[in-house]
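In the two complexes below, chain A is the common chain; its partner is chain B in one and chain C in the other.
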Partner chain A sequence: MAAPLTLLLIVAVTIRAVLFRSSLAELIPERVEVVSPLNAWKRVVEGLALLDLGVSPYAGDVFHETPLIIYFFHFVIDYAEIVFMMADALTAVALYLAVKDYNKTVFRKQKYALEAERYPLDCLELIRTPKEMYYIPLKVAMFYLLNPFTILSCVAKSTCGLNNAVIALFILCTVKGSSLMSAIFLALATYQSIYPLTLFAPALLYLLQRLYIPVNWQRSSFWLFTTQYTFMYLGSLCVMVCLSFFLLSSWDFLSSVYGFILSVPDLTPNIGLFWYFFAEMFEHFRLFFICVFQINVFFYTIPLSIKLKEHPIFLIFMQIAIISIFKSYPTVGDIALYMAFLPAWNHLYRFLRNIFLVSVVLLACSALFPVLWHLWIYAGSANSNFYYAITLLFNVAQILLVSDYFYAYLRREHHLTHGLYLKRKDGSEATLVLK
Partner chain B sequence: MVKEADHVPDTMQTPDVPPPTPAKDQFQEELVIRPLHSGDIYASFQFRTMWDTDFLRGSKVSHYRLFPKSLGQVISKFSVRELHISFTQGYWRTMQWGQPFLPSPPGAELWVWFQDTVTDVDGAWKELTNVLSGIFCASLNFIDSTNTVQPSASFKPLGLGNVTDQRFLRYAVLPREIVCTENLTPWKKLLPCGSKAGLAVLMKSEKLFHSSFHSQALHFRPVCQDWKCKSTVWELRQTLNVVFDLHTSGQGKREWSLFKMFSRTLTEACPLASSSKVYVDVTDNPQGELFELSPTTPLLSQAVVLGDRRTYSVYDLTNQATFGQTRSLNMLLRWRAAESAPPHHDARYVAGYGLQTGEIHTLMYNNHPYRAFPVLLLDTVPWYLRLYIHTLTVTSKGRDNKPSYIHYQPSKDRLRPHLLEMLVQLPPNSVTEVTMQFERALLKWTEYTPDPNHGFYVGSSVISALVPSVVAMDTNSTRECPLFSSFFPCKEESSYFMRVYTEPLLVNLPTPDFSMPYNVICLTCTVVAVGYGSLYNLLTRTFQVEEPSPGLAKRLANIIRRLRGVPLL
Partner chain C sequence: YYPPLRPVRSRWLALASYSVMCYLAGVAWFMGLAFEPFTLRTYMSENAMGSTMVEERFPAGERALATGREFAAHKKKVGGMPVDWLVKTMQSRGLEVFTQSFTRKLPFPDENKERYMVRGTNVYGILRAPRAPRTEALVLSAPCSEGNNNNQAVGLLLGLAQYFRSQIHWAKDIIFLVNEHDLIGMQAWLEGYHHTNTTGGDWSPLQGRGGSIQAALSLELSSDVITSLDLVLEGLNGQLPNLDLANLFYAFCQKIGVLCTIQGKLQRNDWDTTSGYSHAAQTMMLMVLKQASGRPWGDHGLFLRYHIEAASIRGINSFRQYKTDTTTIGRLLEGMYRKLNNLLERLHQSYFFYLMPSLSRFVSIGYYMPAFGLLAVILLLRALDLWVQLGASPPGTEDGVAGGVQVSYGPSSPGVLSILTPVVISHMTGVALYTLPILSQEMAVQHFPVSETEAVVLTAIAIYTAGLALPHNTHRLLQGEGTEEGWRVLKLVALLYLAVLLGCTALINFSLGFILALSLVPIAAFITPHTPKALSAAIMVLLSPGCTLLYCVFVFQELQETPVSLQDGWMLFLSVISQGILDHALYGSLVYPLLALLIYPCWLLLWNILFWK
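The block that comes next holds the complex of A and B.
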């Protein structure tokens, strides 16, 4: 499988290199759908220029990246294009290896379940075969690398690509079972933007599952491992924060980075829900709604973890999707990451209910975003409501996509326990509903 | 044979009315250009149609050649003897500009002398104003008894006739009436050549209305046919007076041409005109020392106008030679006196398009021939224009000019603005351009001013310079000297301190829709609720086989059975 993957990497790098050399390379970094005040390349360059002038990049309100990015780009600023292409390639390879390993685990569990005859007889067609699962890792890498959203994000040199790489490495380490590396990468991802904190629960669940430690409050082995993992995670996070302190000898970056993400002072339009909501918010309720919207990202973790405690990788997918939809400054690069996972759930296709509608709406909205932006900002014939409407529609489509996959996953699990062809009491064919 | 002659049909009989005489009408056009002392230029068009016909006799006039039919029908229907109507925008500044050829008040003015055969003058006046309102696309229908008067002495008839009973005179003025392209177009349609040939091609509305003063008028009156005054003819004069401003139309340069004033040149005379001439007032320029007029013309004419004898250079458009090789006439008046530029001046403007990004350009001119001097540029830019200091470029004479000192304090949202101070050395006789890109922020809806589409102001840049002095200056400040020379302390003999303020900038920011706060909150919360609802359903509910609900009869039976405590159906 190395050869197709290499070919895929070469094709992806070629596409990005061609776009870097074309005239689109000046237009794409300006688009608000692709970059946000948090991860725009222009702002990274501005921060480094401020540092050269002797002014702290966090003295103004232009630079909101973490100090480690300053460290990193201070040395590689001249090779920025190569860095971002390599980040994309790294993400794709990490996802490839992670999904390959995950598929092996899935297949092994399925084999044990079949031998233990836990599946009803009529749902054999739901059983996954190695043939069907063979190409899934390659498809995952392809979905990531050849996704137009990823390509746009890379050509715009948005640091979202680096964040995605860190999260992909975290997923790889978790799937491989290395809890230290997983904790370090998760800490790095949380340090970059706060939201990956919610991935702590699925990582913990997966590692526990891998070590055959049952999730039981009374068991000491559970608590031992949990505290181990928590300490590794918090320790790495503290180390990173302290290293950042020593770069500029000040704690300014905390309010500039984390305060900015949480309090949303900059209302630059993007594809998320926050900007117009807080542009039109009554001053009196601003703090209340900031808290509501930020809690909204975090509070699905516990219920989802309880429901999906046997399926932590699907939980990771759900969490990443929820973060991408509800975070304060989303961009298309965040969406590309969870969309890369969709080939892994190919077997759920028969249970998806709205996939046609969702895909059409996503395509239409992606086409309409630049049109309505142009009409508002350049032509002056539309106003902000048009762009806002497409934002709403895009987010509704994403929510439908995620909940559709969740429904399909749960339904398949239900069928695997209760049988595929269900009959009613009188013997006629039954329909399943959620009650 | 005789019998056949008896049966000649009626249509073959000769009618009693004599055949209509050929219409004797004549059209002349002229344009007078007069440069004014203040640097502005005054152009006056006059189009005259003379028509020997009789509106008064019972027979209807049906053959119109040069005279506009719409006006002729109105005149004959309402028995109008004299009609004077004008539409003016702006006020004629007599002190600066002298006397106009045909004066008019701002707004619309209409005064009419009716024939003495009219019995109900008020009724005719009312109908006439409504009809004219339709012809000229103006709101003349607002003329009614509340603004109409019958002056007894001021408005005597300007044409022939002995009727001076003021009963037949009506005068009204509408000061609020504005003039625009919709009034100019029907006015131009009344000309024989329209706006297609002759002097009327110059009348383009985007230039005519971009002026200090614009007046179009129409005067209809009976006049003598010739000096013997044996018979009267009807004269229709359409006039258009316009004064172009030196600064708005002329861009500050004292150089006027037909193309600069009207964005057109003359290519031919109106074929229906018997005379088509352009007069340029050269009375103040006898030897050509004040300004230069090109192309030169041998024709000179003198005329006594408004009590003064004035000399005009004449261009005869009916003569093909006037148009020269290029077959177009674009006369050019160029003033000779060259102004000396000050040693240091600055300009600033915003470049770019759209509401997302922009660029601030500051130009600093050093007009000294051989000495360079340093300037300190201070820019205070509000926080909602996010400056990017890495896009700062300073170029002089096409090459990079690195400032020796930069102090930059970036802005903090809603707390403090950007501060940029730079020390730049300006090379002699050069222009230094400082450019910087910025991004426009979207503000909260309460942070916009009540007129958000007016834009936001950015304060002037302050440029402090040590300009080299032409004469050696006195550093002793205790001596007696006038107040105006002693404000800034003088430390050096060879240069003096000067502060120049650039223009303020007016920048538009993208605006949200201010009528929508409640709607936006509802819609966004709906989307969040859709997410919450779907996930809540999937998390709290389980899959169950759906049992079809029993029919109504069975349900009722089940209710009764439940009450009885008996097993259900």
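The block that comes next holds the complex of A and C.
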């Protein structure tokens, strides 16, 4: 399996290298769909210039990345293109290994369940075979590396690629069961963009599951491990924040990075839901709705963790998707990360209800973004409503996609316990409804 | 719960009848747009130009004509643009005068206008606004053309400059521009003004500037008296100025009593008769054809790219009794500029997307889009049908529980390669069509007895035709047999691709999208490997983008009441292709790359399906 992966990496790197050298390399970083005020390369360069002049990089309200990123690029600025390509490759390899390991676990569990005859007899067609699972890791890597969204994001040198790499490493460490590394990478991801905080719950659930500790409030082992993991997480987060403070010897970055993410002062259009809403809003409602919008991102953690506590990896997928839909400055790079997981849920295909509609809408919207942007900004004949309408449609399609997968996952699990051919009490055929 | 799929035959019939109905409804809707009760009367939306009355007093028409004659004499003497004379004259009229020189080498000789190495000078004078902080400007331009054309326009421009100079109510700078080599000069001037260089021309920077340009008019007058004024709106890539500019022109024509036309057609009042309707339909179709061509139809066409509302006003002298003199045209322009001077913000109140069946009637985007929507919906219906078929075709998966639609691991199963190969090869042919004609002209000229222009056009046609051999080559690359499922997936891809492509095109340039949809949707809907090969192939070729262009040339000539013979039509077709390539190279028109890089490959995909083995 290493050979196809190597080939894939070579192809992916070649595409990126060619694009870096083409005339598109100047056009793509200007696209609002690809870069946000948080992760635009132009802003990183500006921050570096300020740093070199001995000024705080956060002076001037242009740069909003974290101090570690700017010190990282301080050393590798000359190799930026290679760094971004490597970040993508790293993400893909990490996802590849993680999904491979996860599939092994899934298959082992399925084997035990089959041996214990826990599945109803008519469910045999739902059982996953090694043959169909064999190529899934490769497909995951392919979905990430060859996704046009990832390629655009990489060519734009959006630091989103680095965040994705951190999250992918976090997933890998979690799946491998190394709680310390998992906590460190989770802390790093949180440090980068706050929102991955919600991945704490699935990671904890997965590690608990791996150690065969039941989620039980009365068990001391549960509390022991939870405390341990929380300490590792908070400790490393604390170390990173303090390190940032010592690097810059000021707390400026807290308000410039996290304040910027949470209070959404920059209303440049993007593919998210915030900009139009807050541009239109009366000032005195702003704080209230900011709270509502931001709580919205974190809120799903609780119900989803309860519902999916047996399936933490799927929960991670759901959380990443929710973050990338509802975060304050989303870019296509964020979407690419959760889309990479779609091949891992290949077996849910038969239960998906509107995948055709959703993929057509996503496709059409991706094509319409630049067209409507052109009409609005350059031709002046359309206006922001046109663009926002497409943004809205794009997000609705994403939400439909995610909820469709959620429904399909739950439904498959339901069938695995209750049998494939459900009957109502009176013997007629039943259908399942997601409530 | 889920009804079983209907038998294939009856489903096919139902779908076919829906498709035909949608298609006919779309065409009928479009034709209905020219019917007067379905259109709206134009009205001025911009308050700043509405209520304020302006008194036009321009007196000096005769003097303007004299200046025009003087200009003509100097033009003849110098054998081109009389730069020194213009500078002197403009200066004597109290303008700040600047010149800009430019050179441009065309990718290949333009045989229509007989130019290859273009060298010229733009002269412009700025009348500084006496009443306001000079942050905004208006432009009045007149081209300095070859021969005896447009001398009167330059004369009137200079006359107006002198007259405007004596007035005190100007709140915006007024820039009087005389551009040489029509659009090439205009392109140089606009790029110089805005510090951009999109098409790699070579021009000297502008020494003087006014404020940000709010509106521009380009004047073309070739006779001392005229019978009517024609308004030209269509700009680069089918962009149109705000409808208020047309309204303004119409309002002043009504006020002053000048006959005004659009597409060279007068407006008629007998909408309820057949001839009245067909007149409106012709006017609208002319607009659609011009817009679809994506080329600027007057010197104003390039302003639109910079978010500047602009139109060309063209004086027409025909055999009518009723004549209008230059003084009256001067008054009309004075009135229009006075109103534009009152603008507080850019023109934005009225429509940007419209079609005009006459100068006083318009159809807005909400009314014409359904015509396109009805055509596009056919593609989506077909795609949905294919999706359902793809899900239902593998035997033994009849399963009520999993929901009506079941797909066996979807598009990846028939082998990504068998889909990817035709897609990639079609696009490479498209790239060849886009790049090779210009690259290979030298070689073609060496080996064949043709001129450069002919070489470019004929190479393009040759590559276009060579693409027809594509299915054969694709199959050679593929080892295995194409499966039944394979072509369905390919067709699904082609349908969605076409739908997205046409949708985006129609948003930017409705006319182009609609015309392409008219010809491509039927073949996209009905093509399968099982239709009779020879007949389908003939129909496909007849409805291919190239042939559509040929028909458009004939229809356009027919509508303009200058029908051409087959021979002339063919020559015209060749020159249209060369003009399209030139427009792309010179001004950045997008029609040629769109057709070559996207539409043509898409058509090739459908062609591939027909010859699927």
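In this section, the second predicted complex is superposed on the first by the 428 of 435 C-alpha atoms of A that agree within 3 Å, B and C clash if a C-alpha of one lies under 4 Å from a C-alpha of the other, contacts with A are read in each partner's own complex, and residues count from 1 in each chain.
The rule is simple: a residue touches a chain if its C-beta (ideal position, glycine included) is under 8 Å from a C-beta of that chain, and two chains touch if they have at least 3 such contacts.
Quantities reported herein were computed from a predicted structural model and do not represent experimental measurements.
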Fit-or-clash call for chain B and chain C when the two complexes are aligned on chain A: clash
First, second, both or neither for A:Arg350, with chain B first and chain C second: second
In the superposition, chain B vs chain C on chain A residues touched: B
Touched partner set for A:Tyr378, first chain B, second chain C, both or neither: both
Touched partner set for A:Lys307, first chain B, second chain C, both or neither: first
First, second, both or neither for A:Phe75, with chain B first and chain C second: neither
Partner chain(s) touched by A:Tyr212 [first = chain B, second = chain C, both, neither]: neither
Partner chain(s) touched by A:Tyr276 [first = chain B, second = chain C, both, neither]: first
Which superposed partner A:Ala364 touches (first chain B, second chain C, both, neither): second
First (chain B), second (chain C), both or neither touched by A:Phe246: neither
Chain B region in steric overlap with chain C, selected from 115-123, 133-141 or 493-501: 133-141
On chain A, the residue positions that both chain B and chain C contact, one per complex: 378, 380, 422, 431
Residue ranges of chain B touching chain A (in the complex, touch as defined): 353-357, 383, 386, 388-390, 406, 408-414, 418, 441-446, 510-513, 516-517, 520-521, 523-524, 527-528, 530-532, 534-535, 537-539, 541-548
Footprint of chain A on chain C - complex, ascending: 1, 239-240, 304-305, 307, 346, 348, 352-353, 380, 383-384, 387, 399-403, 405-407, 409-410, 496, 499-501, 503-504, 507-508
In the complex with chain C, residue positions of chain A that touch it: 346, 349-351, 353, 356, 360, 363-364, 367-368, 371-372, 374-375, 378-382, 415, 420-422, 429, 431
Residues of chain A that touch chain B when the two form their complex: 30, 32, 42, 45-46, 48-50, 53, 55, 59-62, 265-269, 273, 275-283, 293, 296, 300, 303-304, 307, 322, 325-326, 376-378, 380, 383-385, 388, 392, 395-396, 399-400, 403, 406-407, 410-411, 414, 418, 422, 424-425, 430-435
